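Following are the structures in question.
Across the two complexes that follow, chain A remains constant while its partner is chain B and subsequently chain C.
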Partner chain A sequence: MIRLPPFAYRRPTDLADAAAMLAGEGPETRLVAGGTDLWPNLKRRHQQASTVISLMGIQGLAGVEETEDGGLRIGATTPLSTVADHPVVRWRYPGLSRAIDSISSPPLRNMGTIGGNLCVDTRCTYYNQSEEWRRSINYCMKAAGEICWVAPSSPRCWAHSASDSAPMLAALEAEVELVSTRGSRRIPLPQMYQDDGIEYLAKQPDEILTTIYLPATSDAAHCRSSFWKLRRRGSIDFAVMSTATTLWLDGHGRVERAAIYLGAVASFPKPADKAVERLIGEIPTPELLDQVSELARRKATPMDNTDFQAQWRKAVAGKYIRAALREALGMDPELLAPKHQAGGTPTS
Partner chain B sequence: MQADTTTQTLDINGERRTVCFPSHHTLLEVLREECGLTGTKHGCELGECGACTVLVDGEAVLSCLVLTAEVGERPIETVEGLQDGNALHPLQTTFADLGAAQCGYCTPGILMAAKSLLAHNAAPSRPEIREALSGNLCRCTGYHKIVEAVEGASVLLRGEAWEPEAETIYGHDVDS
Partner chain C sequence: MKPPSEAVAAKPQGERDFRLIGTPFRRVDARAKVTGQTRYADDLSFPRMVHMRLVRSTVPHARIRQIDFSRAEKVPGFLGKLTGEALPETFGILPVSQDEHALCPDVVRFVGDPVAAVVAVTEDQAIEAALAVEVEYEPLTTVASIEEALSTPEPRIHDYGVEGNLHKVVSMEFGDVEPGFEEAEVILEDTFLYEGNTHLPMEQHSSVAVPEDEGRLTLYSSTQTPHYCHRALAKVLGLPASRIRVVGTPNGGGFGGKSDPFNHEIVAARMALDLGRPVKVTLTREEVFYCHRGRHPVLMALRTGFTKDGAITAQHLKTALDGGAYGSYGVASTYYTGALQTVTYDLPRYRFDGVRCFTNKPPCGPKRGHGTPQPRFGFEIQLDKAAHQLGIDPADIRLKHLAAPHTITANWLKVETIGLRQCIEKVVEGSGWRERYGKLPRGRGLGLACGSYLCGAGLPIYWNHMPQSGVMLKLDRSGGVAVFCGESEIGQGSDSVLAAIVAEVLGVDLLDIRLCVADTDLTPVDLGSYSSRVTLMMGNAALQAAQRARDLIASAVSKKLEIPASRLVFAENRVFDAADPEQGVTFQEASIIAEALHGTLATTGSYIPPRSPGRYRGAGVGPSPTYSYSASVVEVEVDPDTGLYEVHHVWMAHDIGRSINPALVMGQVEGGVYMGLGEVLMEEQAFRRLPKRLSDSLVHKMPSLLEYKSPTFHDMPPVTTYLVEDPDALGPFGAKEVGQGPLLPIMPAVANAIFDAVGVRVDQTPIHPHMILEALAAQANEEEGRYGPTAFPEVDFGETLLVPTPEQGGDGRAINSWKEQLRSGMRSSTGTMTTRDEALSNKKGALTT
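This part shows the complex of A and B:
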C-alpha cells in the first residue's frame, strides 16, 4: 500500500479561519479541496506537507449561482461533475462543460473541484514518476534535484500546465477571487499563472482561491466556444495538448473579439495572440481558419515533457486548433485527413 | 512525525461503526485495515485504475484518494453491501451469468461505479455505460461482457425479464 506521509490535518469551517491558519503555519502547509492532485503527489513524495488545511468544511465555498449582472459565480470547492452537469452551465457555457467532461474519469470528477483543477500541479515525464524512478535519475529541479531533464542546460523547469478548465475559463474571460488575511482581490484568470514549471501560480502562497466569475458576455447567447483535448486514451489521461476557443461575432458575422488558449504546451495556459489578431474584423472562412490555426500552432512549443513525440504533438496541435475553431463556427471539425474518415480511400 | 488520530463514526453499508484511525489515512486504508472490508481492492492507489471505487453519498469516488476524516457521517457503500442476505444484487447476477469477471480484481470497483450509474440512469445506453465505467481499468478481458452485464442488470432492476445472449464463436453456436 502506498501511504500518505503523516501530517497535521486542519478542517476549518470558516474562510477567515482558513486564511488565518494558512498565514500562520509554516511554508510546508498545503491547501486541499478534492485531494485528487495533492494526495497522489504526497503519496509519491513529489510534494511535502507538515500541515494540510482542508477547504471542504467551509460554508458557502461550494455552489453555482447566477449573479445579478447576468454572469455566473462558481465556488472553488464545487466538484467538477457538479459544475459540468449544472443545467445553467450546460445551457449557457457549454464549452466549460465540454472541458470539464474531458478531465480524468467520472469518479475523479465527483471528487476533484473546479478550484483544485485551476491550481493543479504542473506535470512532466521526469516528475510524475515513482520515488524510485526519480531517484535513479538523481531527481529533477521540480522536486529535490538540480537539473531540468527536459532541457538540461536551461535554468528553469519546463513542466507543463495540466488543467483543462484553465484554458477554457481563460478563453471565456473568467475572473477569480483570491482571499488572504490581507484582504481579497479579483483578477482575470490568466493573471493567476506565470511561466515557470515550479512557481506556476502567481497567486501568493497565503491566498486562497475562493470563487470563479464568468461574465454574462461569455455565454452562448453572446459567443461561440469550443474545447478540444489530445491524449492517448479517451479517459483518465491528462491532456498532452488542448485548445480552448471563444469567438464573439457581430450581426454581420464578423469577428468582434476572440480568445484562443492552448493547454499543456507551456507552464501556463498560453494565449495565441497573433492568431486572434488575424481573426478580428474578418468574416471567418475555411481558408482564414487555416491561416489562423497555423499562427496559433506556432505558439505551441511542446517539449519532451509528456506523452507522444514533441514534433508530432506540434503537428497535431494545428489540426486540433483548426477543429476547435471550425466547430465553434458550426462547420465540420474535419479533424482527420480525408483518407482517415469514413468513406475515404486509404492511399498506402 | 507523530500522526494525529481521529475517532469517528462511519456509516458503512447502513451499519454505523466507530473506528479510530490515523488522521492521514485514506478511506481505502480504513475500510480494509480497520473495518476488515477487503472487498474494496487497492490497485494503483493514485487514482488511475478505479479498483478502489466505493460510493459516498451515492456518488462513485476512489477510496484511495478520499481522506476518511473528510467523509464524516455521509453514507459509504462498498461491494460487501451489494447483496441482500443470500440474494445477489442484479449486477452481481449478470456479472456471474455472463462471466464478466476474469481475475476479478477490478470487479468490486466496476460494480460500485455501475451501481451509481444505474441509480442515476435506469436505462443507460451502451455509450453511457462505457462513459460511466471509463475510470475503471480491467487488464484481463475486454470490456464487452462488463458492458453487457451492466445493461442486463439495468433490465433486471426495471423488473423486466433478462436472459444472457447465447454465446457464439464467429456466429456459430458454442454448444453445437
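This part shows the complex of A and C:
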C-alpha cells in the first residue's frame, strides 16, 4: 500500500496556540481536521507537509448551535454527518443536508468535517495521481510541473473545485470566520475562493477557518434551497457538475432574492449572476425556469479533467440546474436518475 | 430496498436424493472470512521478514540507458537491489509467448513495466528507496492503439510474432461461407467496439518468498494458478521445480487477473534467496492496474446471413485485439474471440479472422469470459437487429434456431446438454416479456440476450498427457478425512465444492473434512482456477477419489458385518445396511475396520477431459467437456434528454446442470451480473496520450478505485435468478460451470434494452450517456440512430485454414496447406501449447518437470 511520508504532527488544544503554530512554522505546514483529503494527498505526494497541525483537539471548534438572530453557527471541525443530520439543517436548509449527504460515503462523512470540505483541494485527473504516475507525465503545473495538461497553452491551472458544501453554503449566503495571530475576520463565503486551480483559496496561509454562519431564514416555506449533483455513481464520487440554488420568496410567491452556484465546473463555486437577475421579482413559471437554467448553463465550462465527456457535461448541466430550481419550488424535477441527486435512493 | 434474489430450481424427476448436494449450505470458509481469520498473502508474517518494492517504468516505450541506485542506497533500512541482468531467463503463461522478463533488462514497453527492485527493512523504507531510484531512458516511438499498431511496423515492441507489431493472426473457415451468404435473404453487417476493462479484485496481489534450508524456497502468493507459477519460478530461477514450493493463499478475488505468473513473484523469490530473509511484496492498487491481464479491447466486424424466419445461413466474424505490451494469454484470447460463436444457435457455415496487436499499454489477458464477451456482445445485438428487421420476436429468433444438444458444431466443438431453451423460457416468463417487450412507454425498455461458456478448457496450457486435476484422500482412525488438491480458492467457492463432493460420497459432515489445497509440495496438481474448470475437473477427480475410498471402506465393513457391500449406505456419519438401517457402524468405526484390514488408507482420483474431435491448427481453443448456457432479460429506463439510464431489473437464468450448492451458484450468477453491468455501464481501462509535440507519454487514465468507475452496491439493481438443472453426464453429479457464463448476456441485453426504450443502437461498450444522446441526435437528423465504430481496418490475416464441417463429411482436419505441416494423429499446435514434437525435443517452454 502507499504510505504517508514522514512529517511533524502537532495537536494543539487551544485555537490561539494553533494560530501561533501555523504562523510560526514554515510554508510546508498544513492543517488537518478529518484527514479525508490531506492524508490521501500526502500519500500520493501531490501535497507536501513538513508539519501537520491537527485542529481536532481544539475545544469548542465543533458543534452546531442556533444563534440569537435565528441563524446557525457551525464549528469548522463538526463532522459532515453531524451537520447534515442536524434537525434545524434538515428542516430549514434542506439543500445543505442534500449537498452534504452527497459527499463521498458514510464513513468519510463521519470523519470528514464541514471546514475541511470547504477547504478541500481542487481536483484534476492529471493531479490526483501517485508520485510515479505524475513522473510519467513530467508532472503538471499544480504540483512540481510547468504545464497544465488540461489546456497546455494556458497560463493557469484548471483543476476544479471539488466541494459540495461550498456552492450550497454560498447559495445560502453563509459567512465564515477566519482566525490568525493577527486577529479574526468574518467574510461572505464566496470571498474565501478565487478562480485558480492552484491558489483556489483567497484566505491567507496563516488563517484558520473556524466557524460557518448561516443567516436566519424566516421559515422553510420562504427560503427554498436545493442541490443536485451529476456524477457517475450514486455514492463515493466527487461531483463532475453540481448546482446549488436558494430562492427567497415573498408572500405572493415572488422571488425576492436568489442564488445559483455551480460546483465542479470551475476552480471555485461559480455564481450564475445573469440567471439570478432574470429571476428577481418574478413569480417563477416553468418557462421562466427553463430560460434561467439556460442562462446559468452558459456559466459552466467543464474541462476534460474528470469523469464523463466534457461536452456532454456542458450539454446536460442545464437539466441539473433546472431540476434544482424546480425542486426548490416544489415542482417535479423531471430528471431521471435520482441516484445522481444528492443522497438519493434507487427508484426500485 | 431490493428484494432478495429468488432461485427457482426443480429437482429432476427420478433422481436419487442427495444429502448435501443441491442443498444450500454455508461455505466452508465463510466463518473465517467474515471474522477476519482467513490469512491472505498480505496477512502473512515471518521472522526477519523484509519488504520489497518494484521500480516501474514511467515511460511507455524506451531503452533503459542507466539505472542509478545511489540515492536509494542511502535510504535508511535499504538492504538490496536487483535489475534485469540478474534474471535473464524469459517467462510467460503460454509456451509460445515467453516474452516477459522479471525485470526489463533493456527495453521497457509500457508505463508500469518493472525495471528494478529494492528491498528494505520496512515497507515505508522500501517505498522511499524505490522513489529514489533514478532511471534514464532513451525514448522509442509509442504505439497506442490497434490502428497505430497496424500502421507502425517499426519499432517492433517484440521481435517475435507475425510481423511488425502484429502478435498473432488467425484465419479459418468452416464450410464455405459464400454460398451461405448467397442463400441468405437478409445479410446484416455491423462493426462493434468492446473497450478494455480490468478485473478489479478487492485484494491486491501479494506474495511472500521464504528461503528454506539448503537453498530451497517457498513462495506464498495470491495466485489463481500455483502450478503455472511454480513452472515459471523453476524456469527463471534455474532451480529444479522439486526444490520450490508454491502455496496459493486464498485469493480476495481473481477473475482472471491472478492467472499469469507475475514479475513480483519471481523477483521476491530471487531477493529472498539472495538475502536469506523472507521477502514480502504487496502491490499498490495502481500496480494492479499495471499487472492487468484484463479484457482485451476488441474491434469487430460481424457479417451474418439470415433466412426470413431468422435461421442463420452463414457468419463471418473479424476481430482485432489490442493486446498491450506482452503476450500473456493473448494467443488463446485471440482464438477465443471466435471459438464460441457456434455453440448457442445453429450456425452451419462460419468464418473467423482474428488479429492481436502489441501496444505500449499494460498487457491484456483473461478476464471472466476470456475473449468471448466481446463477440457475444456483437452477436446478440446483431440478432436483436435481425429480429427487429425480420419482424420476429427476439426471444423467438433464438428459440427457433438453438444449437442441438449432443452434436458437433461447424467448428468441431462437441456440445453436450444445452439448457438454453429453458433459460430463455424462464426469463421471458419472469420478466413478462411477451406482454411488455416493445410495448413499454418511451424511455422504458426490455432487452434479451444469451451466452454460453466452457466448463474448463479441454487442453492444458502446455503439452502433456497428465491429469488436469488430481485429488488425494487420506482417512484414518480419527474418522476424519483429509483432502489434498492443488485447486485454488479465489472466492468462487471451490473449497466448498471439493469438501461437499467428498462429504456427499462418504456420508460425513463437512466439519469432518480437512482441506489442504494449492500447495505444490503437498497436493496433487490441479491446473488452477481459470477457464471455469474447477467444479467439473476437480469435482470429477474428487468424486473418483471419494468413490475409491468408499469402496475401500465398504469392502472392509462388508467383511466385518457380513453385509453385501452393494447394500451399504454411507450417510449421517454412519455406514449401514440399506435393508436394515439399524445394522451398521459409525464412520469412524468403519475407518478403523478398514485401516485394520487394508493398512494405511489413501486414495487418489484424477481427471482428463475427453478428446475433442477437432484436428485443425487452432482446434485446441474452444473445446470443453460441456458448456453452460445463460439467458437474461434486462429492464432499463433511459432519459432521452440526457442519455442517462438506469438498469431497473435483471432476470437471469443459468443452465448449471446441477447445483452442488445453490447458494454458491446464485452468488456467482449475481456476481457475474454485477461485473457485466460494470462493463456495459461504466468500466473502461482508458489511457491518456499527451499532446505528441510535448510528450511521448501514454498513461493509464485513472489507476485508482475512486476514478476507475465500477458500480457500487448503490448502483446494483435487483436480480431474479433462475437455476435450470438438467444434469450433464460429464459433470460431477451433473454439475456445469457458473463462474463466467452468467456475465456474457448482460452487456448485449442492456444495449438491446436501450434500443427498446428509445430506438437507438449503441454498438460499443461501455455505453456512456453521451453516446445515447448522440445516437438520438443522429436519428432526429434522419441519419442512422446509432453510435459505434464505422469501419474495420485492412488486415492481412494470412492464408485461411479451410475446415470442412461435420455436415460436409469433414474429419476435423483442415484440407489446405496446414494439414501437411501436421503429422497425422498428433494434436495440432494451437498456439496455446507446444506440440508434441516441441515437447519431446525439450525446447524452451515445453515440459520442465
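Some observations on this one:
Note that in this section the second predicted complex is superposed on the first by the 331 of 348 C-alpha atoms of A that agree within 3 Å, B and C clash if a C-alpha of one lies under 4 Å from a C-alpha of the other, contacts with A are read in each partner's own complex, and residues count from 1 in each chain.
Heads up, the rule we're going with is that a residue touches a chain if its C-beta (ideal position, glycine included) is under 8 Å from a C-beta of that chain, and two chains touch if they have at least 3 such contacts.
Values in this document were obtained by computation on a predicted structure and should not be read as measured data.
When both complexes are overlaid on chain A, the residue A:308 reaches chain C alone and has no touch with chain B. Note on chain A: of its two partners chain C and chain B, the one contacting more of its residues is C. In the superposed model, A:133 lies in contact with chain C only, and not with chain B. Applying the stated contact rule after C-alpha superposition, one finds that A:8 touches chain B and leaves chain C untouched. In the superposed model, A:151 lies in contact with neither chain B nor chain C. In the overlay built on the shared chain, the residue A:216 is in contact with neither chain B nor chain C. In the superposed model, A:236 makes contact with both chain B and chain C.
Residues 1-3, 5, 234-236 of chain A lie at the contact with chain B in one complex and at the contact with chain C in the other.
Looking at the complex, you find that chain B touches chain A at residues 1-4, 6, 22-26, 28-29, 42, 45-48, 50, 53, 59-62, 64-67, 69-70, 113, 131-132, 134-137. If you check the complex, the residues on chain A that touch chain B are 1-9, 11, 32, 35-36, 39-40, 43-44, 50, 52, 54, 56, 81, 104-108, 110-111, 234-236. On the chain C side of its complex with chain A, the touching residues are 2, 56-60, 111, 123-124, 127-128, 131, 204, 282, 284, 286, 443, 637-639, 641-646, 648-649, 682, 688, 690-691, 694-695, 697, 699-704, 706-707, 709, 711-715, 717-718, 768-770, 773. The touching residues of chain A, counted against chain C in their complex, run 1-3, 5, 125, 128-133, 135-138, 147, 149, 152, 232-237, 307-309, 311-312, 315-316, 319, 335-337, 339-340, 346-348.
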